[in-house]
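You will see chain A twice below: alongside chain B first, and alongside chain C after that.
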Partner chain A sequence: MTTSSDRTAPDAVQTDLVQFLTRRTGKDWTADDDVFGSGGLSSLHAMELVVHLERTFGVSIRGGDLQKENFRTVQRMSELVERLQTAGDGGTGA
Partner chain B sequence: MREAVALAGATVTELVGDRADDWDLAGELPRDVLRKLAEAGLLAAQIPARYGGPGWNSTDSGEFTAEVGSLCGSLRSVMTAQGMAAWTIERLGDPAQATRLLPRLVSGDTAAVAFSEEQAGSDLSAMTTSVTVDGSALTLTGRKTWVTAACYADFLLVVARMGAEGAVVVVPRTAPGVQVHRIGDPLGCRAAGHAHVWLDEVRLPLDHLLGGGRQPLPLLVTTALAYGRMSVAWGCVGMLRACLAAAVEHAGSRRQFGRPLGDHQLVARHVADLWAGEQIATRACEHASRCWDADADDLGAAVVLAKYVSAQHAAAGAAAAVQVLASAGTRDGHVVARAYRDAKLMEIIEGSSEMCQLMLAGHALSRR
Partner chain C sequence: MAEDNGTPGSGQPLAVLGAGVMGSGIAALAIGHGVAVSLIDVDRARLATAAARIDHHVRTAQLLGASPAADAPGELVTGLSPDGLLTGAGAVPAAVIEAVTEDADAKAKALADAAALVPPGTPIISNTSSIPIDELARAVPRPADLIGTHFMNPPYLISTVEVIRGTHTAEATLAAVRALLTGLRREPIVVQDAPGFVTSRILHPMINDAVRVVAAGTASVPSVDRLMQGCLGHPTGPLRTADLIGLDNLVDSLWVLHRRTGDEGCRPCDLLLDMVKAGRLGRKSGRGFYDYEGEQA
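Up next is the complex of A and B:
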């Protein structure tokens, strides 16, 4: 998924995440749906989501970046990935 | 198995010796044993080398956990608590917190993680323990139940509500407002230091809030529990190995009706099922550890599967081992008697078998 500059187009991040969530929940997703709300991602898959983001987009999501605000929707997660990739060192994680 | 893992196995085998029976009966582990293992980094062997830890992968750590589990379920439970605390700090803590706390867990200190409450067991969304922030300090109030290893812990990681989200607070055992009440008569893992923990307006600096808090509660709980489930699952493999060894030794040497017990078909079936259970649990754990080490997409399901399968086989296998050893194994403290009680607890903690079934069913049904 990553480009030569290790940055991923926001649209590509969102497409990937919508596919991930659809596979896990068996229902359709949009970029603005509440990820942890009713009918959303189960706790079984919550850690998988973080691991998937890290592996697919080459970022490290630790500490304060794990706050709910960053995971509320696909849109927010794609913003998080963009910010961490821009930071260039794989995020603020240790 | 790598040399370091084999060496660690020999170290812990020597440290435990033949004392696990006495520890179970006394309901307490010697502090010097815990300190020695903690100083060697062996209570949480997956702590990365950059924090001074052994930096083992999940597969190696799992094999070592099984080794400890075959010797003493209580000691393995303390390892589970320490490893879960370390993993939670590594994932949820910011770099400064990880740098401050993780080296402590490989130099002698021990930690425990507090999830459950009187009205919030499987349903952790019913949790009422809460943390509020006021200027540069936080205040934590609540009552936690059945905190494994709390009696030995230098600090506790307390899972709490923070407004509508979740948070983990690092609480020194000696902080004002903290009370640790030992549970005197647990069914199993009797020396694991289970306790109820009361937190009455515990005030701490803000940097005791891992990653600033406000994480999604399901994410926070699953992250911590994932490590705990792996550790419990591998610990169950160890219990199965200890039970299998005891049953094989007894069935091969004890003679009744003119031949070894193992030549009696109904006894032989117990031995076969025990061996099958040990193999199945091992394979499930190996698969989950490979998923863990590869950050695989199906990690969550693999971890729950390993915990569910291993705990069920440990409970069935321990019961079979007691049956094979009969009067020889029915003395409290005996390895199969301990496994019989300890394994039952493994079907309850870090997600009961029924909760595991619900999660696995949900996983299967979502693939329609």
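Up next is the complex of A and C:
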């Protein structure tokens, strides 16, 4: 469960995700790169992003939010985290 | 509610015997499609972690579009023995899927125990990568109810399933299993009974050869996989596939093939045996031909 005081600044989310992807793939990332594109993560590892976001930002990603498109770029993942933290109930999924 | 969560068209749960890699994967496939699962395993520790592992699998399938996100997930019930879980109101399963360890005696016992508890006509499915169904049929009271499946790992992502019709398998059993798999959006391919059926008979000696190539120093692990992927269109490469199967399971399956076919190409090679002895079992142990540290299996 998160409250408004637990919200993470979008920039901080993006910085964390870029570091995570760099550690994971050994290459540099920008906020708009395709995470599943060349040199990125295989689809089989997409759940690692979900687990990382849940552990790091205290959100719960379930139901309709579990779509690969929500995780395709650092930008989209930070938008998802912001939306889930704002919702405050841990998720808007089914 | 059973009528909401049951196997499509039947309102009954699916019973899964064994909460290992395949059992939990098959359970996740069913649950992700709104089918209730009764999961049984004699190992208390493995059972204790099953719900979390299955939830992870279900979410992976949803994330990759392999499971309908709109369906309410099926209910999961777990137990240490089949006695209470396969009998009683609302508990009689639409089918039993046995997914215990790839050992003929262990499978025979699990199948016989379950078959004794469910009504005649309930499909008893052995999920095996290589053990002939006719051998397992000797252990069950009604061989007509017995049939084989060979789900690939992970079952919730791979949409084609090898289905093995034994000599004694009834037409009705085959029809029920086809309907079950179709309801789970899988494509069943029915084959005749033989050691390793089709996929393992071809794939497992090939992986064994890939390991021999590495042991001989002809090429590195990544080079073997890249060549098989890039030149021959293999989706993951034989050695990464071996890691996904589990090297211990692969060795068990190779022994099954070797003993029953006499094909020396199926004798597990030394490097494979050494890796199993050292506990390098592939993805599930964090290390095999590749490292998987930090990943959840």
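One rule holds for everything that comes next: the second predicted complex is superposed on the first by the 85 of 94 C-alpha atoms of A that agree within 3 Å, B and C clash if a C-alpha of one lies under 4 Å from a C-alpha of the other, contacts with A are read in each partner's own complex, and residues count from 1 in each chain.
Please note the rule applied: a contact is a pair of C-beta atoms (placed from the backbone, for glycine too) under 8 Å apart; a residue touches a chain by one contact, two chains touch by 3 or more.
Here the structure is a predicted model, which is why all the values come from computation and not from measurement.
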Which superposed partner A:A12 touches (first chain B, second chain C, both, neither): neither
Touching partner for A:R62 - first (chain B), second (chain C), both, neither: both
Partner chain(s) touched by A:F36 [first = chain B, second = chain C, both, neither]: first
Which of chain B and chain C A:T25 touches, first, second, both or neither: first
Partner, of chain C and chain B, that touches more residues belonging to chain A: B
Which superposed partner A:E54 touches (first chain B, second chain C, both, neither): first
Contacts on chain A seen with chain B and repeated with chain C across the two complexes: 43-48, 50-51, 62-64, 66-68, 71, 94
Residues of chain C touching chain A in the complex: 56, 59-60, 62-65, 69-70, 157, 295-296
Of all residues in chain B, those that touch chain A in their complex: 50, 90-95, 97-99, 164-165, 210-216, 218-223, 226, 295, 297-301, 304, 359, 362-363, 365-368
Chain B-touching residues of chain A, taken from the complex the two chains share: 23-26, 36, 41-52, 54-55, 62-69, 71, 92-94
Contact footprint of chain C on chain A as seen in their complex: 43-48, 50-51, 61-64, 66-68, 71, 94
